[in-house]
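Next come two complexes, and both contain chain A; in the first it sits with chain B, in the second with chain C.
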Partner chain A sequence: MATVVLQVRDLAVEFSLRGSVARAVDGVGFDVRAGEIVGMVGESGSGKSVTMLALLGLVPRPGRIVAGSVRLRDIDLGTLSLRELAQLRGRQMALIPSDAGAALNPVTRIGAQVGEGLAAHLPDLPRAERPGRILDILRRVGLPRPEHQVRRYPHELSGGMQQRVAVAMGVQLGPDLLIADEPTTALDVTIQAQILRLLLDVREQSGTGILFVTHDMTTVAEICDRVLVMYAGQIVESGPVVEVCTAPAHPYTRALLDAIPPLGGDPPEQLTTIPGAPPDPRAWPAGCRFAERCWLRERLGNPEKCTSLAPDLADLESERRSRCHFTEAVVR
Partner chain B sequence: MTGEPLLSVRGLVKDFRERGFGPGRSTVRAVDDVSFDVFPGETLGLVGESGSGKTTIGRLIVRLEEPTAGQIELRGQDLRGLSGRRLLEFRRDVQMIFQNTQNAFNPRRTVRSVLSDPYQIHRLAAGADLDERMGALLRQVGLTPAMLDRYPQQFSGGQRQRLGIARALSVQPALVVADEPVSGLDVSVQAQVLNLFAELRRELGLAMLFISHDLRAVYFLCERIAVLYLGRLVEIGPRRTLLENPVHPYTRALIGSIPVFRPGGGFTRTVIKGEISDSGPVTAGCHFAPRCPLWREMGQPARCREERPLLRPAAGGGMAACHFAESSPPLAANLAGQPSGGHA
Partner chain C sequence: MLRYALGRILLAVPLLFGLSVLSFVYVRLIPGDPVTAMLGVNSNPTVVAQLREQFGLDRPLLGQYGDWLAGVMRGDFGVSFRSQLPISTIIVDRIPATLQLAGAGLVVSLLIAIPAGVAAGMRPGSRLDSLITSATLFGLAVPAFFLGTLLMLFFSLKLNLVPSQGYVPFADDPAQSLRLTVLPALTLGLAISPYLARLTRSAVLETAQEPFVPFARAKGLAPRKISIGYVLRNALPSLVAALGLTVASLMAGSIVVEALFNWPGTGRLVTGAVTERDYAMVEALLLIYGGLFIAVNLACEIAQSLLDPRVRLT
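Right, the complex of A and B next:
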């Protein structure tokens, strides 16, 4: 089995606001191995973005990491100074942002922006070698006519090309871990396919571990090896992507998959929805956090256990885990 | 489709001049000779990527933009040159729902204030009657009358889109133009809003032009689907025909690039090369030719670059604008046997 590049254990992040405390991430733990693409999927407020920021050491105030550990290979990120963390970011772990158009500096030419990473992390690289390195990486991410593009400004590039530049900046120093934050959400569907293919190529060529953060189950099904499903600050299900997508073990995962409008055949009169809204992070419910909205609980006659006892993320067969008291009843 | 169309669009053209001053500015043809009909009670889906002109068409129909050429008729009446009372009446008949719910409402006005506008402008209700009607409207879209005194920012994205729908429905329009109304919403919320659209359409017999880049949403809601590429309509047809037997190479590429579940996993999308912007200067011929796999396969026939393909009837009851539509090989059974939802 490939080496673990990222190890997260019992991570918790809290935000204190006007006297109340919101635990946005509550006991999240997972691994990403070299050459593996792990999908982290969840809806707004599930804690996926805050988890991602915690990995990068970028949780914004008033948020703070209150428990847990994050290890990148053999480095415990919790022991690093801000300066040391900054040196790590971009080199050992890198972020591909969701909206490259907004992430790129609008007044700096593409070549110079890609060069910033080289200058910051490889100060010993002779200046004369930088342009060649920049062209190489832009060529690798499939940017058409890179020698022409380096002189252009971000707004002169299409969204797909901007995203390729962002991928180039992420992978140019060969990081162990790439965190891709909804890298295709803002793109047209044909361009999405191109960027996903590019991420697969990166994984293949460099053996980079990729954490792919998204709200889109279909994209996860497409390129991820394993998936972590987040709900209300916790992982509620994890496992190999094919198994999770074809036979989910948590009622929330099942509901999330069923809410996707089917293609082909006669469309249903109504789509399956999840009633209600996620719970308030300032007051997580006592039992299962999904219980209020759970179709399975209703079907089982509202067992008391669901609202009184918080389920653990229990191990199932073949690397699968589910946070449900009645997992056996989910799988049809 | 039978009967008289509610909305009839013929030869619609919209040119935009590039920013700047003086001569030498080039014009961009955002909408290029587009024709289609929407029948009473029907939902037509308008799909295409960024730059395809779909949003511009929506804005032209509600008269937020003036067309450069072409006709837009509502119940046989030409919309060009409408003004004053006639324009006001038209605005009652055709309403729009916007994509970005953050910007679609004035943040300083309560829901009551926002929703009362259409009633007052069109003199439909006042006083206690107005309150009652606004309350009923909110209930109709799955909100509660108690929300009347809240501000738009106090709502979630899904709730705000329900407000957008309520505002559009307040004047009981015959046609609603919805521009990407469910993009940017979480999957479960998206399903709720799509269900609301389906329900309202059934109950009110509403006709809709549903503009979206999301083929799944369009397939669920729209009986017919029109596909746009660089300002031109390349294919239009009943949803199943279009999805299961697309004829135009672009439609085929678009459908092939939707991710689908495949037990066994693997990369299942067709990746089409290039981008819209690679199509280069607009030529007399087919806009898609430079990226077209069929064009390459057929040895790059000159006709594709020289002669504009016109929409013509295709197998399965649709229409496609491709000189060589008959030469397309049958599509791999990419989408057959899709698992459909429903756990209840």
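Right, the complex of A and C next:
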């Protein structure tokens, strides 16, 4: 089995605002292995973005990591100074932003911008060698006519090209871990497919572990090996992607999958949605956090256990885990 | 780009025309005229009438305006009622002193306002931010003449570090000229820096919210590089625009500061000309100040577009 590049244990992130404390991430733990693509799905506010930022050590104030550990290879990120952490970012773990158009510095030419990473992390690299490295990496991510593009500004590039540049910046120093934050949401479908293809190539070529954060179950099914389903700050289900998608073990995952509109055939009268809204992170409910919106609970006649006892993330067969008192009833 | 600049310059023409009408009418709205200012209220009516005729003040307003405007077009602002010297000569004489003060004041204010604004805007809500924000609020509330008097009392009368009053042309005695510039420049700079610091803070604050800032952090760039290359660099276009507007405070501030420090610049001319109802002089100064303000803002607008590659002016 491939080496573990990222190990997250019991991670908790809190935001305290005017006396009330919101625990946006609550006891999240998972691994990413070399050459593996792990999907992290969940709706807005499920804690997936905060988890991602916590890995990078970039939780915005007033948020802070209150518990847990993050290990990258054999380095415990919690023990690093801010400076050491910054040196790790962009080199051993890199981020691919969701909207490259907004994430690139609008006033800096593409070439100079790609070069910033080299300058920051490889100070010994002779200046004269930078342009060659920049062109190399841009060529590798399939940017057409890179020698022409390096002279242009971000806004002069198409969305797909901007995203390729962002990927180039992420992979140029051969990181162990690549965190892709919804890298395809701002793109149209054909470009989406190209970028996904590119990520698969990156994994293939350099054995990078990729954490793929998204709210889109279909993309997860397309490229991920394993998937983590997040809800209300916790992982509610995890496992190999094919099994989770074909036989979900948690009612929330099931509901997410049901919400994907079917391809082909007549469009449905009404799109399937999950009724209700996620609970308030300032006051998580006592029992299962999904109980309020759970179709299974309703079907089982509202067992008292669901609202009184918080379920554990229990091990099922073959690397699968689910946080539900009635997992068997979901699988059937 | 050139076409844009040309268009804007053409657009400034009606603006300047409006300004000329306003400055002409405005001075005449001040009670009293040059003659009463010269002779006092209880003077001989015949003498008054004679002088009024001599200055052309008895003629219809429209005619006076026409003559004046025709002169201005030729670069002739007329003759000062007071000194009987050509106004353009008087003003040109005063310009070096004013430029020296305004330039030094601007440098002082930029040195204070930009670092303060960036520090506050980068960490909104922090203790440093509240300190800077309340300091600027305090600064806005303190009038320049009061601040100048305090500085004068402390640095020159008490500590005897720098002279308190006067002006020596830089060419005559550079060292003494600079020593004399310290207090007025400090006063002027401190007077406008709160305004500029607030504009900087909000520009920086806005830019720091942009997604490219966290992405720069995720790339592992040094904090210094991020504040300068990303935040400040992207806030720069709006800062330049803000700077253009600050020029108005700089002008207004220099009038007060010049009076306070006995600084023989154009600001002194303004106060003197208004008290003496030296119509032609006030008109000329209003027109020049206004024209300068328009020109500076035009320049800032063009600079702003040059600083942002996304803006292509046509």
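Basically, the second predicted complex is superposed on the first by the 325 of 332 C-alpha atoms of A that agree within 3 Å, B and C clash if a C-alpha of one lies under 4 Å from a C-alpha of the other, contacts with A are read in each partner's own complex, and residues count from 1 in each chain.
Everything below uses one rule, namely that a residue touches a chain if its C-beta (ideal position, glycine included) is under 8 Å from a C-beta of that chain, and two chains touch if they have at least 3 such contacts.
The structure displayed is predicted, hence computed values, not measured ones.
Colleague: So, does A:Gln87 touch the first partner chain B, the second partner chain C, both, or neither?
Modeller: second
Colleague: Given the touch rule stated above, what does A:His121 touch, chain B (first), chain C (second), both, or neither?
Modeller: Once the two structures are laid over each other on A, A:His121 reaches chain C alone.
Colleague: Answer with first, second, both or neither: which of chain B and chain C does A:Pro261 touch in the superposed model?
Modeller: first
Colleague: In the superposed model, does chain B or chain C contact more residues of chain A?
Modeller: When the residues of chain A touched by each partner are counted, B comes out ahead.
Colleague: Tell me which partner A:Gly19 touches in the superposition: chain B (first), chain C (second), both or neither.
Modeller: neither
Colleague: Under the stated touch criterion, which partner chain does A:His155 make contact with: chain B (first), chain C (second), both, or neither?
Modeller: second
Colleague: Does the superposition put A:Gly132 against chain B (first), chain C (second), both, or neither?
Modeller: neither
Colleague: Where does A:Val242 make contact in the superposed view: on chain B (first), on chain C (second), on both, or on neither?
Modeller: A:Val242 sits against chain B, while chain C stays out of touch.
Colleague: What is the shared patch of chain A, the residues that chain B and chain C both contact?
Modeller: Residues common to the chain A contacts of chain C and of chain B do not exist here, since the sets are disjoint.
Colleague: Under the touch definition given earlier, write down the residues of chain A that touch chain C in their complex.
Modeller: By the definition above, chain A touches chain C via 53, 56, 58, 60, 86-91, 94-95, 97, 99, 102-108, 116-117, 120-121, 153, 155, 169.
Colleague: Can you tell me which positions in chain C touch chain A when the two form their complex?
Modeller: Residues of chain C touching chain A: 210-212, 214-223, 225, 229-230, 233-234, 307-310.
Colleague: Inside the complex, what are the residues of chain B that reach chain A?
Modeller: 49-50, 156-157, 186-192, 194-195, 198-199, 213, 215-217, 219-221, 239-240, 243-244, 253-254, 257-261, 263-265, 267-272, 275-278, 335-344
Colleague: Applying the document's contact rule, which stretches of chain A touch chain B when the two form their complex?
Modeller: 43-44, 144, 158-161, 188-194, 196-197, 200, 215-219, 221-223, 241-242, 245-246, 254-274, 277, 295
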